[in-house]
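Which chain is which? They are A, B, C, D and E, in the order written, and residues in each are numbered from 1.
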Amino acid sequence: MGAEQAWLLAAIPAAMFFVIALFGRYLPRQGDYLGVLAIGTSFVLSFFVLADYLSFYDFEAGKTAVAESIKWSTVGVGETAFKLRMGIYIDQITIVMFGVVTTVALMVNVFSIGYMKGEPRYYWFFAVLQLFVASMLMLVMADNLLLVYISWELVGVCSFLLIGFYWEKRSATEAAKKAFITTRIGDVGLLIGIILLWRATGTFNIREIIDIAEHGGIGSTYLFVSVLFVFLGCMGKSAQVPFHVWLPDAMEGPTPVSALIHAATMVVAGVYLTARLLPLFEVADGTLLIVTIVGLVTALSTGFMALAQTDIKKVLAYSTVGQLGFMFVALGSGHPDAAIFHLMTHAFFKALLFLGSGSVIHGTHHNQEMDKLGGLWKKMPITGTTFFVGSLALAGVAPLAGFWSKDEILHASQTWSGGWVLILLGFAAVMTAFYTTRLFIRTFMGKPMDQHVYESAQESGFLMTAPLVVLGILAAVSGFVIWHGVGTAIGFPGGFTEFVFLEEPERYHIDWALAGGSIGIAVVGIFLAAFVYWNGSLERSTRLARFQPGIYELLVHKFYFDEMYQYAIDKVLLGFSFIVSWFDRYVVNDTGIDGSAQVTGYSGYVLKFLQSGRVPNYAMAITLGVVGLAIVGLMVRA
Amino acid sequence: MTFDEGQGYIVLATLAAPLLAALIILFIPSGQKMAIRFVSAFFAAVMLGLSIYIFVAYQADGEKIQMTLKWVWVENTAFLGKDGITLHLAVDGISAPMALLTGIVAFAGTITSWKLNYRPKDFFILYFTLLAGVYGTFFSFDLFFFFFFYELAVMPLYLLIGVWGSTRKEYGALKLTMMLVGGSVLIWIGIFAVFHEANLGTFDMQRLFAAGNDGTLSPTFQKVFFPMICIGCGVLAALWPFHTWSPDGHMAAPTAVSMVHAGVLMKLGAFGIIRLGIQLLPVGAEFWMPGLMVLGVIGALYGATAALTQRDFKLISGYSSVSHMGYVLMGLATMNQIGITGAVLQMFSHGVMTALVFLLIGALYDQAHTRDMKDFGGLTKVMPVWVVFYTVAGLANVGLPGLSGFTAEFHIFVGTFRAYPVFGALAIVAAALAAGYMLRMFAIVFFGPFNIRWKDLKDLTPLETMAGGLLIASIVLMGVWWAPFTDRIGQTVAAIPGVIG
Amino acid sequence: MRDYTVFVPEYIAAGWAVLVIAVELFFPRVRRDGLAYLTALGALVWGISALFFIGKTPQSFQGLIESDNFTTYFRLLAAGIVAAVSIMSASYMRGRTKAAAEYYGLLLIAGCATVYMAAARELITAYISLELLSFCLYILVGYLKRDARSSEAALKYILLGAFSSAMFLYGMSLLYGLTGSTTYDGISAGLAARGSSTDAGIVVAFVLILAGVGFKVSAAPFHMWAPDAYEGAPMPITAFLSTLSKAAGFALILRLFSVALVVDAVEWRWAFAILAAVTMTAGNLIAIQQTNLKRLVAYSSIGQVGYMLITIAAIGYGDETVGLNATSGLLIHLIGYVVSTLALFTALTAYYNKTGKDTVEGLRGLAETQPFLALVITVSLFSFAGLPFFAGFATKVFLFQGATTNELLWLVGLAVLNSFISLYYYLMVIRQMYLFDPVAGMTRFKISPVLWVLSAGLMFGILFIGIYPGPAFKAAENAAKPLFQQAEAASAARVP
Amino acid sequence: MATEVLWWIFAAATVVLSTGVVFSRSVIHSAIFLIGGLAGVGAMYVFLTVDFLALVQFLIYGGAVTVLILLALMLTRSDPSGAKESVNGSQAPFAALAGVMLMAILVSVAVAVKWPGDVDNAPSIISLEAISKALFVDYGPPFVLASVLLLVALVGAIILARQDEGD
Amino acid sequence: MVPLENYLVLSAILFSLGVYGVLARRSAVLVLMSVELMLNAVSLNFVAFAAYLDPEKITGAIFAVFVITVAAAEVGLALAIVIRLFRNRATSNVDEAALMKW
């Protein structure tokens, strides 16, 4: 099993999707073990791929990527014929994504067995989960943009199905619709971008496109436009402002789904694609700046929004969006290594946090409002502990994973002269630490808000805590791979940045000033939050809210984004649709089509009265006919 | 009667099967409903088999026109030469997938109409006559018979809709028939003009195609008559603004007829534009295609927008058909091989998925007797299979990769981008709107709180499931592995003179 | 030279007419239907005897009458029409008249008159045979003596007929004055020789002649008698009017204009183009508003005449070959039209015998009560509308195709448009039969086997011509050839 | 010279009488005028030296036709009281207009056209023998047809006019 | 001598008078008389042409004979129909015989 067969990783779960979807409901336990089995296999296989890839990898020799493709279809003949090839392209980024996706997916699967027990349509959940993993894996190993787009859309529809899993709830349905359509709007841009790139280069293959672009094969303006369109798609998937609205609502889905899709994998697809196409961004002047700005805006604004949320999962959702913003900043700074690194660590600790919140929700019989929780640490020690680790990691406290990656990003952001990016990022980091702490304190510490909930709460079962532990460990240690020593120790050519890079591998050297700064940031945020929310009393925070009610309202309503969009859709789009339908009915149809018919009929009605039934009139008609024709004839003569 | 390469009889058999069916049913006493149904199902199966055979047996990289059959009909008269009017049947890379489509949809429609109980005899006679017309149009390489079968396909619609239809059936039927025949009138005038201008004493298309290219049909002539023929065919292809029969007609039509009509018949229009427009009058086509492109884009956006706020299932499908046929016209208007291939792909894809949609709507309407979306909710509880099928159809409609819709639309987009990037972008926007109205319908009808009023709704019957399964299978096949289609179509399209790369 | 054998078929027909009358005279108790079938038999014998004349070299009788394929074509047509109509009449006229024998005799005589109109090569003969046909029709239209409508129809018909034939005659007199001859060849020669100083006279002469023949084929604005006469006449006679008299009129027109007057085509072709346009448009538009089946058919047949008149214009505009194409197109369309009309009226008669209804609403729910009649009516209406599988499609294609010349393309377009309009009111009839349930009390009923057989046969004819028009077209073309061989010389002799 | 004067007198008389036919208020008067008008036409035949035709004219019209017409007038007298109802239809004025237009056309044609042959000399004599030969020999077929036509007319008139029981 | 034109003009006048009669008069019998007038005009035309144009061929005169014959027969038939109508409708006015219209 070599890297060339990596497509199996996607094929196995895909096949399992059909098996479970068609027969799951007849199988014992509705076939959940099949799901675990399939993803487990992919998980194991990913290591074979990794091993094979590492044995193949040789940077000096330029052997950094395994590519394999087959002829797919041809349209027409001649040099203008439209030839499509499908294939896989495996390089460092792909390898990392394999690791992340399979690991998190496996954990989530195991967790779900416990969490989803007794839910209706149990088998359906697992089936779609398989399809989702399959398409995600296909997405990261695709060697051409068409295949990327295909799996991109499949990922989207899977998330649609999973968010809408509790379709009896109107809110869930709406959320699913919102997610699909919002991302779809981005996808329009993506497709346009892809086809524009094809139009210029005549190929969909990412490598070839990049080569042509780097050798100036594409006009700068043209390239700029098409890259922006592609980035539009990335923004949609990764829920960057202004497309971020769907992600919090997507929390309507089952919590494991939130963990898998909205933390670890799907939403990072945008980051992945941007990293994959970063060379294009670098060629197209100005796009990087745009990427950075989008990332910054997202990181800051969502930081604010997270402050005022009381729903655990919503808080986590906004923090996810914010962290994605961090990654985009790193990409904008031309550092895919930092972005991917943060992507990995974030995947681990954010999955941890989500699953943890899932465990809480499960343990408290579907309570996810902070106002009802509190002091749960004693009740559910494992969840609490792991959640604690995750929070610290998210807050970026050394030496947990989050610290290293965030540090990398801050470091990367220095490339922007003037340091304004650095400062703003730092501020965003403070808020991250703040709301994370707030979340943890209000959930696990202090005195319980709702005694009844508190009484009924208990620790979740082994199937759910085990993944928490595993992810906790990962969240704690996965950051160290940045070190050369660690990297070589586990068989990589070196530290993370020596493995994932754009032009040149560079060995990691810790920058004490920056590291200290970032630790400081984390500590500040944590202590602020601790001061405001200590032992769960809210009077300080309420005072804070009263101090500037306007701002508070603004935050509670998430800067009124949803309201704006709702207005745009209801009033503008649907209004226009009403106009069109009216036009179609009354102008095109009744006037244009039926109208002409009625005119014909009416002319017949008028004409028939010439037929008076009287002989003299008829004779007159004959005479006039003769006279008229004769006159015409004689005129023609004359 | 002469056969080429010994395959012509297959085509003849495919064309004869429905006629034979109609004839046999004509002689079954109308009381014997079961017998009628079995005969119909049998012949539909035969047609399906033959169609599949034709599609498979067509050699993508062989001669462009295969399985030829020639039967001289009228010759050596005052104005007709040696092969004056010839029953010239054949298959090329464009008609092969169309034949397959016809076979699939016809079969599905037939077994869907199994439970049709009101005068099934008359119904099936007309139904098979219509199908004969469809097959004939796809196979004819003689203008006379092309038009003959074209009209034959349109003719039975009035009774089929008027007698077995539902909502405002008289109005819908009359309007549909009149508009379609009105379109064919333009075609007819065009055919007269072409015959007169070419002055070859034959209706044989291949020779007239040649005449169209070697300048026997003068450029001026082509420029004058292309719009006439294009609009004539366009009416049947729901070309904006001649589309208004589509919502009303589909709303009125009975299930099987909607399936065949939206599934196959509308394709005759686009097919006619290829045959009589692009192949017969290349210069005129070259000259007018930008206009057609504009109309196609308008249709695509207009249909999608209008569908956003509809409440009747069939109105949604009617308008989305307008939108999707708009794509087809855009693909044709690109005049490059990718776009036209995409258009043919879209003809197939839209055919199967619309047929599926109408099948499902019919299955629901037969029980619920309402088609107002607002009446429904949470149907997933009672009709899971129905919902799954509808979801697949809807997602294909939206252009989800892995389903036929994407394959077709993707090729059309690529082709359009090669010719007119801006219009291509607009088309993709229209695709996003499709997501809008489809998901809106999903959200309202399938999901949300269950309306107890519908607790007695039955899920699809085995027969309907079978028909739907067939359609879904073809949707997925084309969505995943489209090479068999693109090979056949692309080769032929590339061989059309006047089509640029 | 005189070869009396060239008109043996007509002797048979006329003799048979006398025979029918004699039979009733000598066997007063004979069943009236028997007379009808006897007449039909006679018509068949007549037709069969005519078959022997197919392909014979044209023979002229004193240069007044010509027996050639053209004549024979109309012989067969007329024989067929007479046979069909007499069978229709059997059940219809039973109990409606006392003078059955004369009725059937007149049918046969009218048939003969038609033949002579087709055969005439001289104005006097043409005029007399035309009047003979008209007289028969006047009488037949008025045959329902108790029915005021019938008498009124007859009065309108005869008054206007006399009026228009006076016009016709005045035109002929001018023509005679200008060419000094009444034979077609003489006229054609005279026209060829005449100078331009007589143009005005020629134009007026042509216009007056046009009025006469236009009245006969009911071309607008000379058509107004037709709807009333059709409505008032007994139903079989309506069929007779709309088939035989139109066929006869076109026979006369074809030979007269293509043999005698073609040399001066410039003076009359425009008039035919105008007439065609006006006729088809008026007919189809007014037909939309009709509620009485007979009137509907009358107007729709006026529309059909409009299509056919294009052909005459085409003869004027085009050269020899165009004329040949156009004429054969017209002849085959004539067959298709005649067969469809007869089928329609057979069905309507059968229905009328049962229900006494002749309105469109009267057909309500026919598909339930008598599916076969509904089928026949639908088929014939679709054939009128020119839908495929039915005669109308193929024949219309040939008609329009033959008449397509650069000058007349617009007219052909208008004609196609009109046939589209016509579809609407045909659908309105079909709608009544198929979309609505029968009125209360109407139950399934049977029709007389004879009419069943007749309509089935005619329907088969419609389908045959529609699906395999080859033979009919060949026949039409052979019938058209003689006219244009003769026209050749004349057009060669035309002075520039 | 005398013939010309006579001709003019007769022509004028014919026109006047014919005008009487179409303008007189009483149908009976019209019938009487008609006899005169037709007689005038007969006179014209005499001027044209076709005496035979003149004879036919007097016999058929002066005798048969007018008698028939008077008979019909008696039979169809609508009200025995003879109260005057308007004899002209509603469209009489337009009728006059149309008639004038037609007359204009026909007269202009008659005078404008240069007729072939020597039209200013005396008409050539048409002998009875010539007519009879032509009628019975050269134009035999139409003659036969005409006889059939007369027969048909006769039969038809009988059938239509005969009084059946029931009306 | 009297030239041909005179006859032609005379017949034209008679013809037009007849046309006026047909168009204007109400009584069916009067309409018939007017038709007779027209027919006479026609036969006058024929005879005149015959006399002036072709001395040896006398077709025109023959035509006139036939016209007179047909005219007579026509009158007979028409009057029969008029009487028939009068029996049915108790009127012989053409503009009252309008049961059938439109």
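The criterion applied here is as follows: contacts are C-beta pairs under 8 Å (C-beta built on N, C-alpha and C of every residue); 3 or more make two chains touch, one makes a residue touch a chain.
Predicted model, so just to flag it, every value in this text is computed and none were measured.
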Chain E and chain C - chains in contact with each: A, D
Maximum centroid distance from chain B, chain identifier (CA atoms): D
Core chain by centroid distance, with centroids computed from Cα atoms only: B
Chain pair, B-C or A-E, that carries the greater number of C-beta contacts: B-C
Remotest chain, chain C as reference, centres from CA atoms: A
Centroid distance [mean C-alpha coordinates] between chain D and chain B, Å: 70
Centroid spacing, where centroids are CA-atom means, of chain D and chain E in whole angstrom: 6
Interchain centroid distance [CA atoms averaged], chain A/chain B, Å: 38
Rounded Å distance, chain A centre to chain C centre (Cα mean): 78
Touching two or more other chains - residues of chain D: 89, 91, 94-95, 98-99, 102, 105-106, 109, 115-117, 138-139, 142, 146, 149, 153, 156, 160, 167
Junction residues of chain A - those touching two or more other chains: 597, 608, 611, 613-617, 619-620, 623-624, 626, 630, 634
Junction residues of chain C, two or more chains touched: 124, 128, 131, 135, 138-139, 142, 145-146, 154-156, 159, 163, 167, 170, 174, 177, 180, 200, 204, 227-228, 289, 424
In contact (per the touch rule at the top): chain pairs: A-B, A-C, A-D, A-E, B-C, C-D, C-E, D-E
Complex interface listing, chain E residues touching chain A: 19, 22-26, 31, 94-95, 97-102
Complex interface listing, chain E residues touching chain C: 8, 15, 18-19, 22, 28, 31-32, 35, 38-39, 41-42, 45-46, 49, 53-54, 57, 59-60, 62-63, 66-67, 70, 73-74, 77-78, 81-82, 84-85, 88-89, 94, 97-102
Residues on chain D engaged by chain C in the complex (per definition of touch): 105-106, 108-109, 112-117, 138-142, 145-146, 148-149, 152-153, 155-156, 159-160, 164, 166-167
Of all residues in chain C, those that touch chain A in their complex: 155-156, 159-160, 163-164, 167, 199-200, 203-204, 206-208, 210-211, 214-215, 220-222, 224-225, 227-228, 267, 270-271, 274, 282, 284-290, 421, 424
Partner chain D, residues of chain E touching it in the complex: 1-10, 12-21, 23-30, 32-34, 36-37, 40-41, 43-44, 47-48, 50-55, 58-59, 61-62, 64-66, 68-77, 79-84, 86-88, 90-95
